[in-house]
Every structure is written in C-alpha cells, then in structure tokens.
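Input: structures, listed below.
Consider the two complexes below, in which subunit A is the common component and subunit B and subunit C are the respective partners.
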Partner chain A sequence: MSLEEPEPDVPATVEEQSPDEIAEMLSDHVIGREEHLNAPGYVIRPDAVQDVLSTLKTEAGYDHLSCVTAQEYEDRYESIYHLKKFDDPTQEVSVVVPADRENPVSESADPVFRTADWHEREAYDLVGIEYDDHPDLRRILLPETWQGHPLAADYDQDRPQVVPLRENANPLQEDQRSEQDTDTMFLNIGPHHPATHGVLHLKTTLDGEQVADVESDIGYLHRCEEQICQNGTYRHQIMPYPDRWDYISAGLLNEWAYARAAEDMADIDVPEYAQVIRTMGAELCRIAAHMLAVGTFALDVYGDFTAIFMYAIRDREKAQNILEDLTGQRLMFNYFRLGGVVWDLPEPREEFFEKTRDFLEDLPEALEEYHDLISGNEILQMRTIDTGVLPPEVAKSYGATGPVARGSGIDYDLRRDDPYGYYDELDWDVVTEDGCDNYSRLLVRLREVEESAKIIEQCIDLLEDWPEEDRTIQANVPRTLKPDDDAEIYSAVEGAKGELGIYMRSDGTDKPARFKIRSPCFSNLQTLPEMAEGEYVPDLIAALGSLDIVLGEVDR
Partner chain B sequence: MTGAAPLQQGMLPDTIAKLLGLGAFGVAGDVVAALLGAFLVANFLLINTAFAGPWAKRKITAAFTDRIAVNRIGPFGLFVIVADAVRLLSKELVIPEGVDRPAWDLGPILIPFSALLGFAVIPMGSGLQLADPETGLAFAFAASSIASLGLIMMGYASNNKYSLLGGLRAVASNLAYEIPLVVTGISVVLFTGTLQMSAIVEAQQATFVSVAGVAIPQWFAFVNPFAFVLFVLANVAEVGRNPFDIPEAPTEIVAGYQTEYSSVYFVLIYLGEFIHIFLGGAIAATLFLGGPAGPGPAALGIVWFTAKIWAFFLLTQWLRSAVPRLRVDQFIEIGWKGMLVLSFANLVLTAVIVGVLA
Partner chain C sequence: MSSDNRPFVTDDSQVLTDTRDARMTGEDNRFNSKLREAFGSSPFILTKFDKFMNWVRGSSMFMLQFGIACCSIEMMHTYAVKHDLDRFGAGVPRASPRQADVIIVPGTIVSKFAPRMKRVYDQMPEPKFVIGMGSCTISGGPFQEGYNVIKGAEEVIPVDIHVPGCPPRPEALVYGVAKLQERIANGESSPVTVKPYELEQFGDLDRDEIVDQLAQEIDEEDLVMRYNWADSP
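For the complex of A and B:
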C-alpha cells in the first residue's frame, strides 16, 4: 500500500516560486546568481549545501535531486545540484557550489538526499572534489588504487594505469562482520554470477540465508562515455554514443536524451513530422526494453530457461525487426540527428505500416499470455508480492525514477510532466502501481507496454495521413554547431529505465566543455540495499531483477 | 488379489544363470550371473540417461519454449549425444585449491551409484529385476536417500560458499520431503500388506472397475489419486526439480553444490540426477501405476515401464519450463506444514479405503 496521499483527480498545480523568492528563501547563503538554460542557478557558499538543499526541499518543494555534476574551471571547482519537483519537473533550480582550486572541499548533500551518496562519490572519483560529512567518500567507478582524477585538468591522459587484481582489496574478505558477530558469512555475488545481468559485484553479508548487508560495487563496465562525448563535435560525433549507454534496445530513447539537450541548447526546432517518427521509434524501443526486462526478471525468479523468457524474446524480436527496418540497425541505431532523424520511413511505406500494425495487433494476445504465465501465477505472486519493498519516500530520496518509481506509486513520467516530442498531442496514460514491491514493478512494465502500443498506433495513424509535401525529416542545422559560450543546460527524457538526463556546458567551441550523463540505472541501483536487507538471497536477486539495470548505463 | 498372468518371470540373475548354464559353478556362478544382471540393468538406465540428458531434455525444453534445439548432427540431432559425451569427457578436470580431497571426489561418485542401487529391487517387467527382497520398498527409499550424503559431501568439501549453501539447502529439502514421501509410500503398503516390490505390482493386477467393458486395473493411482499426487509432488522435490530446485537454483547460488565440479565429475553429477529422476519415476510407477503392467503380452512390460518413467521425466521438464521456483523458506514451509500433514491425513484416508474395499 502506498504511504502517499491518494492523487487528486484534477492534477493540482504545484506552487511555483519565482527566482527572487527562492533567492530570498536562501538569504545569505547565496553569493551569486547564474542563468542556466533550463533553470535559474544559485551560487552558494560551499559550507551551506545541506542548509540550502533542505530549505529548498522542505520549503519550496524541490524534492528530487536529479543529478550532481562536477567540473573543473581554470580558477575553481564546481558541483551543480540539479533539483526538480516530482510533482512538476518543469520547475527546476540549479544549486552551484564552487570549491577552492587548491583545496576543493564542499559540504555533502547526503543527509538531505540519499542519492547524493553515489553522485558525490562519482564526482570525487572522476573530478576530484571532496565532500565534507560524506558517509563513505571512496572511488566508485575506478579501482581503489587509481592515481589521479581523470576529468581533472592536471590528469595525465597518456599514462596508462594497469590495475592488477592483487593490488585490489582481497575479494575473499573475512567471513564475519566482526568478532562478536560470528553468525554471518561474507559472500561475493558477482562480478560473474548468473543473475547480476552484467558485471555487477554485490558484496553481501549473509545471516543464514538472509541478507544482513549488501553493497554494490560498480564500475566494471566504465568506458569513459562522458569523456568520449566531450571529445566529439555536437553535430555528428556524439550521437552514436548514446546507443552504447543502455544498449538493451533502448538506443533511440538514449539518443533522444542527447538530441533534446543539444537542440534546447542550440535552439533548434525539430519538424513535427520528425517528432512523430521519433516518438514512434522511441516507444518501439521502450517495448523492446520492457520485454527484455520482464523476460530476465522471470528468469531470475523461475530459474533456468523457461517458456516466459523465450516468449518475451520472441515478441521483442518483432519490435526489433521493425526498428531494423526503420533505422537499418538492430542494436546501435544511430538514427536521430540534431533537428530530426537521419532518414524517412522505409519504402514502401505501406509495408512498414502493415508490419507495425500486425505487431500491435498481436501484442494484446501476447500480453495476455504473459499475464497468464507470470503475473497470474500464484507461485510468482508468493515470491514477489511484499518482497523488495521500496516505500515512495525512500524512492524519492534516492532519486529513483521510471518503472521503479512508478511501481512505488510515484506518479512521475517526463513524457507527460515535461513534454517533448509528440507525446502531449497523443492520448495515453501514465501507469502507476501502489504495491512498492517486486510485483508492482513487474506490473508497471507489462502495463507500460500496452501504453506504448497505444502511442505507436496513434503515431502510425498520423504518419499514414501525413501530406507528402510536408514530410521534413530534418531542420536546417549549421554544419558546425557552436552554442554560445558558457551556455549550460540540464535536460532529461523518460528512458526505458527512468529519467535519462544530460548536462552540457559549452565553451564556444564545437565540442562540449563538460558532458555529464544522469543515468537512471545508476540512481535506481542505489536503492538495492533498501529493498534487499533483511530479505532472503532469492529476494535479493528478484529485487535486483525488478530494478532492471543495465550495467552499460550504470558505469557509462 | 489374483488376476492377469503374472508379470514376474523370475529374477534376472537366475535367468542369466540358466541361459549361460552358470548353475554348475555354484556360488561363483551366482556371483557372475548377478554381476552380469547388474551390468545389463545399469546399462539400460545409462542408455536412457544418455537420451534424456544431452538430447531429450533439450528437445523437450525447446518444444516448450518455441524453439527447435539440436537438429544438425544426425537424424533429429541424435548424434549430439556422442558429440556431448566426447566434449564433456575431454574437458579439463579443474580441482580447486583447498577442496577436501577424498570427500570432494566421493560425492559425485556416490550420487549416480546410489540411484542405480535403488533400481536393484525395481521390477521393470519382462523379467528385468535383480532382486526381490521382502523389504524391497524400504531398500529403494534407503538407497535413493544415500544421495543426500553425496550432496552434503560435495557442498562441504568444495570450499565454496555457494556450494555450502547449496549443500545445506539440499539437506534441508531432503529432510522436509523425504518424510512425506515415505509416509505416502507406506499408504500403499496398507493396501498390499507387504514391502516386497513384486507383491506390490501383483496387488495392482486386479480389476478396479469396469467402465463400458473396459477393465480399469486396480492401480493405486486410481484407487487413491490423492496419494498419487502427493507422492509425485514429494518426489519432484526429492529429486530437486522445479519448482523445488532450490538446492541448485542457478540464478541464486550459481549451481549450488556442483559449482566447483567440471569434466567427468560434472558428468557424474548430471548422470546421477537423471538416474534419480528415473528412479523417482520408477518407484512412483511401481507403487501407483502398476509397475510394468499395461495392455498386450506381459513380455511388453519393459516397454510400459520405460514409458512410465519417461512420463515422469517429461513432467519434471514441463515443470521446469513453466513454474517459478519457490523461495527457500516457503519451500521448507510447504514441506513441513503442508506435505507432512497431508501425507498423514492420506494415511488415515487410505486406512478407511482399505477398510471399505476389504
């Protein structure tokens, strides 16, 4: 049951504060003002972070710490806390915390927002800012023994660093947590384990078969995606990379995150026709991604190869085939361009429409089968209901988004709340479940597939009747794109796993000076200990499966 | 309880001794005949396992999951059995550091042999039965239980935490489900009044009811279907198949007690598991499905018997494809709070049925 108040039928308008009101609220903590493209920015004293954030959270209602971006300037370090409201994500503020060049220390936001824990660890790891009052300031993506901070200015990019296993912490730790507590056993789940969905390492302490403590160790798949994007030009060289973050068929959704941020930054208008195609493609990707999530979740709960996994893959394959027809690729689509898409629908168009319609027609029957096999199965219900419980307040504090948040009854979907593309013109619903457990998250995904199908159907209707002379697939975008100097933007789209945000800062050249990815999986994975501690090992695995993480996106 | 012609045609070793004229050699002849008989029966089961493991399991799972599976090597992909045998036996046997050697080696050997031992008393029809002691049923249960010892040896000796968890789970599940299994088995003994396997088969020969001229034999599955369902369920748990496959639980504890085993030992463990499934099916068939009984001449007994144990194998594969795994605590709870109570209730119910029939 949800701990939240039931939503009123008419969406209440969320009280919005003007930038000056907020500045007043924060009074003498503010030492300067900035203007980011998406939100007003307040430069505050580095020792007032907790004060400022808790004021904003409790008094102004900014209850969603979406992302923490850290970067280095010539004269200072800077951490930016991107805040939003779960009730209205269009209301945003950026809290800018400068830190001294020689001794970069600022206060940690962890006591106010639990999600700051990992975000600040990442900032420390990659940029080198230290956070006072942080509960556990260690490296998170790179190995413990790494020298230097790769995104810092003085870092020697050319010096290779080899990290042999023996220099790392011994994976065979002491079995017990302490001398007194001799009943527990330390267990490494992963990095090579059938149920971690990639290279994730869970340091688990077991009490019998119950999980006493679990800590995720990530970074095995860190590929410097942010830095790669900082070395690419806006116009062409960045777009192929988003496909590689969440590589489980969510490619177009990721591309849209970058496209949206860059288009907002450079003020590019996307033709309506291209928006409809984008919307259709993105929802196909969402279906494919959710199918795989459902299939692998079933795999985690059922064990071995079961019918449901193969059925999910079979139906995902149909979506995948349509995407292949549309983009020419199956995995790394690279289909979006700034200002539109790379090419029009495949000819003959009728064939494409028919194929897509066939897929949509078969989908309800397939979903019925899933409900028979999974959600209607009593053993599965025994396994998943009331396990891996994530109360909404906790989910918000951890910045959980996407199906994970919606499974905890949080009515938050950027497609509706911060509309982009063609979503606000179409008729569809945001799916929420109030169970807060593994079962709710499963149901949300299954029902979201239905909603995505609705969206695709409407897009197909629109595209079929679109007048031929009006089919512009790309806006005119300069060959070399150079946004204004010092423009900063943070914008997000609803990816398959949740809020996928991009922060970019321009320095007037054709490459971004800082490119930061806010990965939904990264924030969602952080909630795992909340869900799993006190549960049995099988439920830890089920909770992990219900989070639907992709390590490519967690580690970037 | 007399009916159709007796299905039993003497013990297999006697037949062999008669055929080869070994009777003249006294005890030595008996030993040779017994060994030959055991060799025959063991090979019959190994052949069944060879079909079941690398081929039928894949084909059946594929049919359940909309796939085709092995179809390239030989007719219907049957030669994959040979290819797999070569592949598995030629793999390197990795012996991890710190394993408890004699126990670690004995575990995988114990499992298939305990299962094979159980077959010594099973009447397989067509004269295929090695021995028929008066305590036959008790012997079959006892022999199959030795496997638990192997499981815990493997779990403990592997020096691996996943193995240890798997071994503990195996013991917990065997304890929880062996009792209902045996108690349900005893309910059959209430009917027959004997533990002797041949007598149990014999007792099921009589006609139970005649429907439209078709005589339905007095198989205990028909007489007391409740007991049959209980027995099959407990049996599925006993052999560790879905939804009760928690001792292995690949997504949770990697592979449980068999995590550290490779090559020949891996083959032995798998062999043992499959023979165990067949032994479970064999005991269920003997107790509830009339053993080798079926239409046609008694010589076809082995065919019917094989069909029955394969039906049980098919059931395990079906469950594997379609049913979620229980959590370990739920599993144990069902064993102690559900199955145990039900099996004793069944014992009372059977006593009533016996009273009515007699």
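For the complex of A and C:
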C-alpha cells in the first residue's frame, strides 16, 4: 500500500489549439491552408515534414500519427499525415505535403513517428512518392519485381508483369548462415505456416534459440481493396467490400467505418432506431472476433486443436447464428446502408430477442470456462506474462490501437472518445490492462467480451420497448450520391482490432477519387520486432498471436 | 465392399445378448456380425486393387492446414465443432504439406502468393487433390478487377472441385468434400498432372519495352513467369 498522497484527479479535458494558433506555431513552414471535413489542413513545404510533425507532437500534443494518405493530382503528388491526440481523438489535424509532379520527393516522417515507416513504404509502393531520409524505402505490398505504381494515374493494368523465375527461387535452397557470424541462423516463418494466422512471412534471424531480428514481409493478400473501392459508387457498390477487410466476423464493424465516413461526407443523418441496431450488431461482431482471437491464441500457445479452440468456435457459432438471423449471412453481412441498415430485426422479434438473451445469459459461464482454461492456467501464465512487452510510449509511436494499445495501459477507445452510433447513451467501460505483455492483451480481449455483452443487453432492452410507429431503419438518401467536389474526410471507428479509418476524397462524381483504408492491424503488426527481439521463438509466436492480426486487413 | 450402401443399423438392445449367446454356444459362427452378413457366405472379398485403393483414398483424407483469406474462417468452422468435417473421414488438418492429401484453397490468390502456393502444392505427395473454396478461386471473385489478383486458382494449380460462394457456408464445403470423396472412390478424379502453367521459354513472349529491358538482363535460356496470369496459356 502506498503511503503517498493520492494525486488529485487531473481534469479530463485536453488543451485544444485553435487552427490559427497551430498555424502560428508552424510559422513559415505553412504555405497554404485547406479545410478537410474532419480537421483543418496545413499545406507545408516538402522539406519541413519532420520539423512540422515534431512541433505538433511536442508542443501541441498531437502524438498519434493515425494514417498517411498518398494520392496523385493532375499537377502534383500529395501525402497527407492525419494526426490525432491519444488523449482526445476528436482533435485532429491534417498535414498536407505536396510533392513535385516530375520528381515526387518529400521528407520522411519516420524519425518523429515510427509508424510512418510502413505507411510511407506503402505510399511509395502504390502511388510512387519517394521519401527522403526514409530508412528502408522498398516495396511493401507488391512483389519487389513489380513495375509501376498501381494507384498512380498513368498505370496500365493490362501491361504484363514479367519476371525471371529465379526471382521466386526457393530461399531455402542456399545455406543462409552468414560468413562472418556463424552463430546466427536465418529462419523463414510463413507465408504458409499455421502460426502466422494467414499468409504472413516473417524473416527471422535467430541467435541460438533467441530472436535476434524479425522482419515481417507482408503483401501476400494484397487484394487491391482501395482500387476496387475507388471503382465503386458510394451508394451501393462499396459496402460489400469492408466485410472482407477484417473477415473474422468483424464485418459490421468495418461497414460502420465506411458508413461513418460516407455519411459524414454527404451529411446524412441516421435514424436513432437504426443506430441502436447497428450498435448491437457491431458488438455481436466484436464478440465473435475476440472469440476467434482468444481461440487461436490458445492454439498458438498450447499448440493443437484443443478444447479451447473448439469452445471458442462453439461460442462464435452462436454469435454467428444471431447475426445470420439479423443480416441473412454468416460472415459477409453487407447489412449497413448509407443512412441506416438494410432491414429491420427478423420477425418474430420476440424469438430473436429471446435467442440473443439466451446467448448473453450463457456468456458469463462460458467466460468463466475460458478463464479456467486460459488465463487461470499456470502454463499459459508462464508463457505469456512478461513476454512480448510493449511499453506504452513505443505503442503510441507505432500508432498501435485497439486491444494492443489497451493492453499497454493506453486508455484509448474511439467508441467513447469519439462517440458515434449509440455508444455514448449506453453504460459500459473501456477495458485497460497495465501489464504491457501478451497476457494483458489476452485479458483485455476476454474482458471486452463482457463489455460488449453489456452493450448488447442494453440495446436489446431499448429495441424491445421501441414504439412500433417509430421504427425507421433508413434515412432518405438520394439514389445517386454525389458529394461536393473536392471534399476530403478522414474518419475512424473502433474496429475489432483498433482504429479503422477511412480517408475519402470526392471529385464531384458518384465514385470516390481516392479511397484509403487505415487498417489497425497494419500499424499493430509494426510493433512485432519491438516485442519479439531478444525473446525465444515460441514467445515470438505468442506475441504474434496476441497482436491478433488479420492479413486481409494488413494487406488490404 | 457391398454394393448395398445401406448404413449399418446397430440395435443396442440385441448386441450384448447376441454376442454373449454366440460365445456361449462356442460355435464359430461367421455370420455373427453385420459386416460378415454383408459379405455373404464367403469370407473372401473379390475386388480390383485399383478400386480398393480408390475407396481407401476417398475414405481417409488428410487435409492441409492452409489458410489464405476469408474462406479460411469458414473452413475452420467446418473443421471444428458443429460441422465437424472429421465425421466424413476428412478432418485431420496437417500442418505440413508433406503429410497431406488434399489442399483446400480458401481465398484470394495474389501475385505474390501464387508462386508460394505452387510450391506448397508441389511439396505434397501424390496422389493429391485440390478443392477450390470460394469465388476467388474460381475467377478472382469480387476482386477480379484488381491489378494484383490472380483470376482463379486454376491459373496456378489444377483444381478438382470448385465450391462457389463468398464465402461458401460450412455445409457447402462439407458437400464439396463429400463430392470429391465420391469422385475419388469412383476413380473419377482428375489425373494428377502438373502443367507448367507459369513456366515459359523467354522467347515465347511478345516483345515490348519491359521484355526488351529484361532481355538484356537475363539470358535467353532463362525461364520467366508472368504476374498477369489471365493471359497465361
């Protein structure tokens, strides 16, 4: 027990700077101002990126580089750094960095925010902007041998990509032992490996049994989601794709990310009744997603298709059955529409409510079981406590969000901090754990399931008593949606894995001119080397499992 | 193997007594089991060895534990409780391709992954079978127009059964597996030949500026592969 005086409660408000104060702070670096729908934008000189970002980070408190969007205009290239505050994500700033049409180079933000490393590599890979001072500017999603930048204007998709076969030669053919240092060994984990949760490739250097270096090689599931969304119309053609970003049953959470961005952009109000249904559906998805995360984590640590995995699937099946009743599909729901949801709760409503209540009633007992089998198990505790440690400052610098950040004690949840849907009307808590290790991240997920259950229960109560004449499921939305020309928006929701953001720019047509997905897993996966280096190989696997990445969202 | 496919019906109430009676009489009654009854009076089975092997192959299949994308979630559900693919003698996921008979391709294949999948397939011992799960393995599915997406698994490896859907329900996958087993048992599955899909002599390609540039880098005998598999032969 501490004898120190408890510190007086710090007021929860975070100092907010007006746009002009920020412009003042950045002084002559600013060469223009823009107005994005979510935040003020400052156009800065391409060689002042580090100065500007570090000023904003240290003096104004913008400590979260949420996303880096790159795009090509007719006369210039542009990188947009979307900055937020971990303490108050409603305070946002966009730093717009133009780059020359002929020679697109701007300064890298990597020394200020570690997360910029991968984001800028992606911008280089897909759009073709080069970043000065970047430690490792290589392709990240496409193969090294790819010719051209697919999201650039002059890219011709029909041009054949031809490479010599030896580029794809088996990396294991040669002895990977280095000449000078014969104690280390190179080990490929993946892209086909049961512990990588999909098609992730980890290039690992081992020193004895310990991990000396690990580099994730991603892009084995790069399905051109951004290109496909740019080719679809706002109203109907984009909505089916979010289901497939984070496909671990988190479909409704992803759909909400797009719905929120598009509704903010086109100024659509969603009826309250639809918001309650959305909230309920989204939390069911979160339960299903966390169940799989817990089940596969146990699979990684215990190493076989054991009871825990089967129990997790059993509970997922229940959640999926309810979702199927609600949406008509088990996995790819396509249930949200701009301005609401596609249809009302299934008839007879009583049956649906009863089924959901049964599920919620059984949940505490099921969770008890999980705690007995997993978190209370000594073997798992020995494997996970104090392994894969991710200190909060490091997590923030990498832009980690979701259960990964909350397992490091960062109290950051967009459902509460940047409320949307019906969350701010309901009674629930944000779960954090201070352990910073694999075990904490597991605990956060298990406890979040309880919170989600609380939310669903309240939603059901609300829906049950909702007056029948007031059940509007969709707002009036024009058949063809054409937001104003050159409107730009970046907005995010709390997905199953963390902050899932969408950047959209309209060009006056019915299709977005640029559609950028900020995936939480992409940023979370970047922290893996920090967690795994110096640990044993099994701890690397446990750390990867605790990150709960889904490659569809990492690669998009 | 009887041609009569009626499942064996076990009557619990009778088994104990019948067996005990048979033992007590001390006679070697070769008709004391349903299987024997099914075979008839002869203790011998006459069949072709090929037919027998096909039946064995279809009845015990080891699946490769192979996840790519969305469909792998439904594939996991198919393996796990409730749907339990193991009921059909096809539910033991093997982590190593060297121990597997069947590869279920569950998801979108992109240019970076295609050569890796080919290698995994090549590592499987013959006879090997492929189930393409989901629309992506048929044509690229919803991602067909993507610059990076292979237009179907058949561009890379031969596929025995396609299970359409996005994603197919576990029931659909179970049906696909059962169909594959049936085809194997009947000796109808496609012959296992691996076409050199992506391999071509360099000289076969149309000459354009990229090819010309590459031509200076690699010698004429080198094998090349294309990433836009749709144009591949």
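FYI, the second predicted complex is superposed on the first by the 529 of 556 C-alpha atoms of A that agree within 3 Å, B and C clash if a C-alpha of one lies under 4 Å from a C-alpha of the other, contacts with A are read in each partner's own complex, and residues count from 1 in each chain.
Methods note: a contact is a pair of C-beta atoms (placed from the backbone, for glycine too) under 8 Å apart; a residue touches a chain by one contact, two chains touch by 3 or more.
Everything quoted here is computed from the prediction, not taken from an experiment.
A.B. asks: Mind working out whether A:M310 is in touch with subunit B, subunit C, both or neither, as first, second, both or neither?
C.D. replies: Both partners.
A.B. asks: Let me test your reading of the model: by the given contact rule, A:L142 touches which partner, first (subunit B), second (subunit C), both or neither?
C.D. replies: second
A.B. asks: For A:D539, is the partner it touches subunit B (first), subunit C (second), both, or none of the two (neither)?
C.D. replies: First partner only.
A.B. asks: With both complexes superposed on chain A, which partner does A:I248 reach: first (subunit B), second (subunit C), both or neither?
C.D. replies: It touches subunit C, and subunit B stays clear.
A.B. asks: Would you check which partner chain A:P194 touches, where first means subunit B only, second means subunit C only, and both and neither mean what they say?
C.D. replies: Touch partners of A:P194: subunit B and subunit C.
A.B. asks: Quick one: is A:G552 in contact with subunit B, with subunit C, with both, or with neither? Answer first, second, both or neither.
C.D. replies: second
A.B. asks: In this superposition, which partner touches a larger number of subunit A residues, subunit B or subunit C?
C.D. replies: C
A.B. asks: Quick check on the superposed pair: does A:C224 touch subunit B, subunit C, both, or neither? Answer first, second, both or neither.
C.D. replies: second
A.B. asks: Now for A:V163: first (subunit B), second (subunit C), both, or neither, which partner does it touch?
C.D. replies: second
A.B. asks: Counting only touches as set out at the top, which of subunit B and subunit C does A:L380 meet: first, second, both, neither?
C.D. replies: In the superposition, A:L380 contacts subunit B only.
A.B. asks: Quick check on my understanding: which residues of subunit A belong to both its subunit B contact set and its subunit C contact set?
C.D. replies: Touching subunit B and subunit C on subunit A: residues 193-194, 305, 309-310, 314.
A.B. asks: Residues of subunit C touching subunit A in their complex?
C.D. replies: The contact residues of subunit C facing subunit A are 65-70, 72-74, 76-77, 79-82, 93, 95, 97, 107-108, 110-113, 115-117, 119-120, 142-143, 145-149, 166-167, 169, 198-199, 205-206, 208, 210-211, 214, 217-218, 222-228, 231.
A.B. asks: Any idea which subunit A residues touch subunit C in the complex?
C.D. replies: Residues 141-143, 146-147, 150, 155, 157-166, 168, 170, 191-194, 197-199, 219-225, 227-228, 231, 240-241, 244, 247-249, 292, 305, 309-310, 313-314, 316-317, 330-332, 551-552.
A.B. asks: Show me the residue ranges of subunit B that touch subunit A in the complex, using the header's touch definition.
C.D. replies: Subunit B residues touching subunit A: 61, 64-67, 161-162, 165, 242-243, 245, 249-254, 320-330.
A.B. asks: Which residues, counting only subunit A, touch subunit B once they are in their complex?
C.D. replies: On the subunit A side, the touching residues are 185, 187, 193-195, 209, 298-307, 309-311, 314, 373, 377, 379-380, 382-383, 536-539, 541.
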